[in-house]
């Protein structure tokens, strides 16, 4: 078998054309380095982009209302707006919130499991909500209970917060009470002002408004039934599936027509918020896909170009081989094995470069280490790419007639 | 004019060493027309390449026009080639994408001559081979004989003292070949020294001087007095 | 001879149009892709105010709660310190500023009320940062002290409200408060937005500018980041102002190293005094950062563009390796011609020049096409990275970048060509002159 592949003669022939081999092998090595690391980055970004907020995202939108007539009774306006929205056919529920997950804007604060122990502070996103929030967001309650209307405390911006019950995300519960998980219901944590807050419920998942940030709070959130009455409101609305877009327009129109001096803004579905939030990540992934495509194209061209060149140079030799009894299959095999040897050198060097570059990325930037199978898979893909690129010229070469050995032109 | 003394030239590859020229000595005087013959691989092309400063040699001495070229660098040799030597090849070696004017222009470009003088010389050279009218044509639009005439114009445009021809008629039919030979005779009679490598024994026997090379050495050096006489009467 | 060689290069291109075009495309793609990333880095890492970036200093104080990790290294300033430093006994220009949002009710009944993204700033802001005016100008320090209701509009907002005419002296109603227009800016979108990189280093500049004292005086709705490391005593506005909360950007202009030393000493004594009073318990080494230092410290340049720089460099390397191979085929294909030229008097130097020019010629065409690739790429990135508030107008090729592109293409092609050129110059004429 080994002898029929002519590994020895092919290797010796290649050693005589060092530069061509080095050029192609280097191209393959660099291409592999870029492709494998780019795929790793894309994979990482895609995980981020697709990580769920915990909400029924497809059916939710929010709209911000900003009243600028000082004579408006904010409490009345909020109640009227929410009653109107909740009564619309197709609306599942609506709630007034201070921030929306994945919207990019909200507030956070530090919490500790003992009062006065600032060094134990765990930062978490804070959602100030009413009793409709959990249902509107469509969160999954895994322990404890939801807020009741009696839990909700209303106040003006200058009054001090009095709400003292909270619902936390499972991630926050586990962070603060390691090992307790769902048993954290009933435990108390302390705010930055050292006020006690009792956990009455745990939701499976609730992301912060900034889940795109890698160095910031992503999964640690809590909800507090604390409603600050003022003229600026964010309404969160969940609709029955398929009704969202129609209701977005309808709700805005009705709010505008309700007869108050106000500005309506940021009427956005969660999907739109996600698009904006992850714009950089999406951009990065698309740019990287473009880079990968371009590289594969360029490298394939390079392999084809040099294969054609080296085959043209050897037409006479190939003709001679044919005349001496080499079959078409034999020539084809010779050229493909030759390419395989070059590619193998390339991917071996490429594997070293790939891992080296990954170590650089991991150390310098917040990029995850490559999974073990990335480099071998990359090697395989590039070997295949090399074979595919060389196939055309090799098939052509195998069609060289034995007579070409004698004919003087070429 | 040309004086080679004990020139040795070997070619080496990993496996074989061949002696292309062995203690090769030859003197050619100004105005001579020398044909060089010999079987394939005898060293006649190597001789021509060394004579034309295209190749170096291992030992011996070569004086061209009184100058010792043995220790000249590439730049000096190129300059000497450009000024003193014209080449004519069997396959013409015109540049396929340059038109006739530009082909003839090449040696003058390397001489750094002004545009007006170049134009005048190129046109005169093309005129002398009867192809001025076609100066804008590409070589591929000409017949073999015409291409060789252009190559001769190119070789002569720099007014070299010395013309080296390597089987100039090898690719031509006998009629055309005769025309080219006539042209070369004419050039020789105007004073240019010519050394011509050829396979054509008939041509060689009709030339004023024939050098026959075998295994890198001169086997015979025959001076044909008839031709010398006719030349001297012409001159 | 140069033009002669350029003409030969053109003829040579025509002789192997496919090979030559492949090569040019490889250079164009490699250089184009590299230049897209280069442009992003060039601007993102660039100096937005080169004429005085060495004299403008951002202040950082010894903030943070020693008990809570990650509360140190606050980029902004608290209210009490801002007031104290605005009163510092120096004649240096200084600027305190912060963002606000307000409803603007246009006097033109055809326009409905809308939100404006505004900035409260002290008088020196405009002169310190060389803010260009189309009409009028800023205000003086007296206007800050007396909370005069004056406003400077951005070019866009002036266009929207007054059709772009000189609106100095006109009235603008913000949040029910009447302001008199004193100036209209010319186009001004520094990138990075160095004077407030903390609130989006590539966000758009604000649309309206008012005396900073009014933000507190009128309790306007503040926007932008607020970071507290001690909670306010209660929910009153007064408590918030006095709390350990940073939300103000403070800059000072210090023309000479002596000035910088004087100011640094003053800051050190101020901090020492506050530390004695129980504040500022996390000491820092450096409190004054010039524009470049501040942009570097705040890592304004995103990781993405830095990663892409490395990837783009490798892409360029692959393209150039390709070019080496293609040039080699091309030049060795001309061996016969090179032999003839040598016979006709070309020395190696002449051949070297001819082929360097040929490589450079191909590189130049690649560079011109690369400009196209780069501007297409930048358009793509612009679309990908665009957003409502993002200023991406700087993402274009300017003359410098265009010149660098062509130069990079020419130089890198010549470098890629060095080996092929060396081979071409060393063709043995004797071998190639003989008929096949």
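Labels for the chains are A, B and C, by order of writing; each one numbers its residues from 1.
Assume a contact is a pair of C-beta atoms (placed from the backbone, for glycine too) under 8 Å apart; a residue touches a chain by one contact, two chains touch by 3 or more.
Fair warning: this is a prediction, and the values are worked out from it, not measured in the lab.
Least step count on the touch graph, chain A to chain C: 1.
Contact analysis places A-C first among chain pairs (by count of C-beta pairs in contact). At the centre of the protein atoms shown, by the Cα-centroid criterion, sits C.
Centroids of chain A and chain C (each the mean of its C-alpha atoms) stand 26 Å apart.
One finds 66 Å separating the Cα centroids of chain B and chain C. With centres taken as mean Cα positions, chain B sits 73 Å from chain A.
In chain A, no residue touches two or more other chains. Annotation for chain C: residues touching 2 or more other chains are 436.
Annotation for chain B: no residues touch 2 or more other chains. The touching residues of chain B, counted against chain C in their complex, run 45-46, 49, 52, 54-55, 74-75, 77-79, 81-83, 87, 89-91, 93, 95-98, 106-107, 109-112, 154, 158, 166-167, 170-171.
Those residues of chain C whose C-beta lies close enough to touch chain B in the complex are 1, 4, 11-12, 14-15, 336-337, 339-350, 428-430, 433-436. On the chain C side of its complex with chain A, the touching residues are 19, 22, 26, 29-30, 33, 65, 67-70, 103, 105, 113-115, 175-176, 221, 228, 231, 234-237, 302-304, 306-308, 310-312, 314-315, 317-319, 321-322, 324-326, 328-329, 380-381, 384-388, 419, 436.
Here chain A touches chain C in the complex through residues 19-20, 23-24, 26-27, 30-31, 33-34, 37-38, 41, 66, 68, 70, 110, 118-119, 121, 123, 157-161, 191-193, 232, 261, 263, 265, 276, 279-280, 282-284, 286-288, 290-291, 294-295, 298-299, 301-302, 305-306, 309, 357, 360-361, 364-367, 408-409, going by the rule given at the top.
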